[in-house]
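My questions will all concern the structure given below.
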Amino acid sequence: MVCIHGGTVIGYDMARMRNPQPAMRDASIAPASFNDPSREVGKEIYMSVALSAQDISRALTRISHEILEKNQGSSNIVLLGIPTRGAHLAARISGIIKDIEGVEVPTGTLDITLFRDDLRMRPPRAIMPTKIPTSGIEDRDVVLIDDVLYSGRTIRSALDALGEIGRPRTVQLAALVDRGHRELPIKADFVGKNLPTSKSQSVKVLLAEIDGRDEVSIEEEAQ
Amino acid sequence: MSTNDFLIKNISLPDGEIVNIGIKGDLITSISKESEAKAATTIDGTGCIALPGLVDLHTHLREPGREDAETVLSGSHAGVKGGFTAVSAMANTSPVADTAGVVEQVYRLGQEAGLLDVFPIGAVTQGLKGESLSEIGAMADSVARVRVFSDDGNCVSDPLVMRRALEYIKKFDGVIAQHAQDPRMTVGSQMNEGEISARLGLKGWPAVAEEAIIARDVLLADHVQSRLHICHLTTAGGVEIIRWAKARGINVTAEVTPHHLLLTDDLASSYDPVYKVNPPLRTESDVMALREALADGTIDIVATDHAPHPTEAKECEWQEAAFGMLGLETALSIVQKTMVETQLMSWSDVAERMSHAPARIGRYEQQGQPLVEGSLANIVVINPTQKWTVDRDLVLSKSSNTPYHGQQLPGVITHTLFKGKHVFNNGVVLPNGAK
Amino acid sequence: MRHLLSISDLSKVEAISILDTASELARVSDGAVKKLPTLRGRTIVNLFAEDSTRTRISFEAAAKRLSADVINFSAKGSSLSKGESLKDTAMTLQAMGADAVVIRHSASGAAQRLADNQWMSGSVVNAGDGTHEHPSQALLDAFTIRKHLGKGGSDLSGLSVAIVGDVLHSRVARSNVLLLSLLGAKVVLVAPPTLLPIGIENWPATVSYDFDAVVPHVDVVMMLRVQQERMTDLFFPSAREYSRYYGLNAERMSAMKQGAIVMHPGPMNRGLEISAEVADSARSVITEQVTNGVSVRMAILYVLLAGGALEAGSN
């Protein structure tokens, strides 16, 4: 995989994914992911695209089918996306399910900021909206949806939050990307792509609703 | 006790002339340009200025009654470090200095300390209550020979009492030093009334409460033909009134404190009570008016209003804190910074405002004498080019409520001589002039 | 942000983020989740050297809903009333491990003295200091106004607010003038000349002695409490004359714009600055202010204590 300006992928190279080459840096045509203000100016970044827009679309479709299959239909499902990107993914999955089944499943968002266990380690975070569908979660099959599953702490916070709201029948987890390195005994029921990564790498998810395009890439700062 | 025999070499007089000053006993014996002059002890005055010993007409020594804040002895230490050879101890002690007994006690304590002249000020009214006159005659005729009378801390607010006091002191060649503050308008007041007090939620002390009393008292002084002195003038309006009164020939004099020449009311924004003082810090335009008035002589003298307070009286909420700031050790430096370095005054003017004039007003014949042969040797040597940083933990006063902590000030006082005795030498106070 | 001592500590962005956080927290409180673990393990001390049941309970509820431990230190019967200095009280609280102190005190600047002096290392929240400021009140007032009258944006631009009463002695007025103008509202202060401070020309507000002239033109009428003692201190001749000129009665209320609301920080002097009829009318949002107070105070505690680093950041 090579980083190309304009975001167009020229070719797949599985070997290269494990050993990404230095990206060509030209500030005037730098794609969106380079404009991260938290990055040190002047640092070189290795970047490789893991999922293209089409890959993402197919993954979400497959996940939607899997959710329906595991839960034997849509009748008892509640989708809760974890903001920010998880919420958009939940909306998309809800749309796909509607296309498949002709049914609108209750869909909402669950912000877990107030339940995090690492608040003190960072500046205060803004609280995102939590919208639980009016049908509630009591005795429902709740599917939590997030973009990246990593340490598992976000999901643990989500379980705490759900516990305060009510008692679902089951809680399942759909993640677009599972990048490994779990710190808690948490696993996803539905995964878009398993992406083995090292801890020095970061996974960047771009979604059209916020970032203008769909893409999942792995980035690493040059040492 | 060793005989005093000094020569201050190569020093500048206030007018700029470089001379050698010879001192023997308690007198200045020679002022000359001779380079072969000899003496037992030589002080190198190169680059320094000799001023007549400073005279403070407004000092709070707190003894008797508040020895936790200051004593006559510790106040004397602070005084000589600040270049003072005389201070005037205000009467708001406990017991109040309204009898011959108390003023003689304070006078004796000053003599025992032996570092500078302590001239007690007598209260105008008994107990500072503002109702009936204290025994002014007894105090005037006592060993302390009191000539300055003041209820400072309180205002003599009853016009009839003020009139009688002004009349009565004429017999004793006295002067009433008024702390101008209308009590009804300043109940519970905390700081200057203005934009800052409105924002900070602190009760205002309006300028008019000071000016109204000054206006009334200059008219009274004129009517009964007596001597009036206005303590710690702080407002531009007050300056105007004094100017008007002097133009009419009214016998009024006025003083300004060093802190009112420099500090303004916006310092209260920190709510740090080190800036809480009575009368309060005022505005920038008041500061400018006071400087101009001191320069042109409308304000006759600088007086410190040295007001020591123990730490717990200043380490609390503003409302609970005591009013007052230290002043003796920093006065000359502040005057240099605000008046000399701004070209408003010369060093001769400084000598006039801080030595000759206050001695005249207080009738202290042995102080404020010119630096000539035959005068008493009350001299302060200052190096105006050196700077120093104020450290509240290193002050000689018993208290540490100085508003200048951490600030760098110009002018280091290197020597103070009191009646020929070397009482202060480069940071060290020498009791009784001993070496 | 380490302390909240005055509205002037807040930038417009910070103020709005507190209001937005309060909105989310209010939704949480309304919904099924009554208690959040966010401040678990933290100790918040209510240091109320001046009596106040309403504000203290509001802060206590806010802290508890975030699972913080709350210790109450009130004026009566405490060491403060026995003459213990603010410094010693602060050092005791530090020794007890207080992460934050919510302080109400009769001395203006007391909160700042606590914060500046390094007697303790926790956060200081000013719950009302003398006649200086009451920032959490202004924030809940702004929150209430935004909820009812906010024109879609996040701030209060386009709105006008009249603050009526004893401005001279009111910390609520000072904080509100600062916050409302920060958020883009126009403020007019209405009071007799004796109850307006010298120096008010410099405040970001206009001034009027004529309540009737102002009433029809504002979106919010915020009444301030008038203390009975002001009469003996010569601020106005009688309660009757004060009410006649500056009281919000039914007649004045009927001259208000459509949709305009009535506010009061409480406690009210029914019959003096506000009539019972007005206090209980549909225009009055006075009880809602109290409810909003808890959400706003939760937001304040969250912003001060939940994060680690000192800069405000967002996801």
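Going in written order, the chains are labelled A, B and C, and every chain counts its residues from 1.
Assume a contact is a pair of C-beta atoms (placed from the backbone, for glycine too) under 8 Å apart; a residue touches a chain by one contact, two chains touch by 3 or more.
Keep in mind that this is a model prediction, so the values were computed, not measured.
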### Query
What topology does the chain contact graph adopt: line, ring, star, complete, or other?
line
### Task
Please name the chain that ends up farthest from subunit C once chain centres are defined by their CA atoms averaged.
B
### Query
Which chain has its Cα centroid closest to the overall Cα centroid?
C
### Task
Go ahead and note the Å separation of the Cα centroids belonging to subunit A and subunit B.
76
### Message
As a quick test, compute the distance in whole Å between the mean CA positions of subunit B and subunit C.
### Response
46
### Task
Indicate the whole-number Å distance between the mean C-alpha point of subunit A and the mean C-alpha point of subunit C.
41
#### Entry: Complex contact set, residues of subunit C against subunit B
85-87, 105-110, 112-113, 116-117, 129-133, 171, 174, 197-200, 202-203
### Summary
Seen from subunit C, its contact residues with subunit A in the complex are 17, 20-21, 24-25, 27-28, 31-38, 66, 302-303, 306-315
### Summary
Residue set of subunit A touching subunit C in the complex reads 84, 111, 113-115, 119-130, 132, 136, 160-161, 164-166
### Query
How about subunit B: which of its residues touch subunit C in the complex?
193-202, 204, 206, 270-272, 312, 315-320
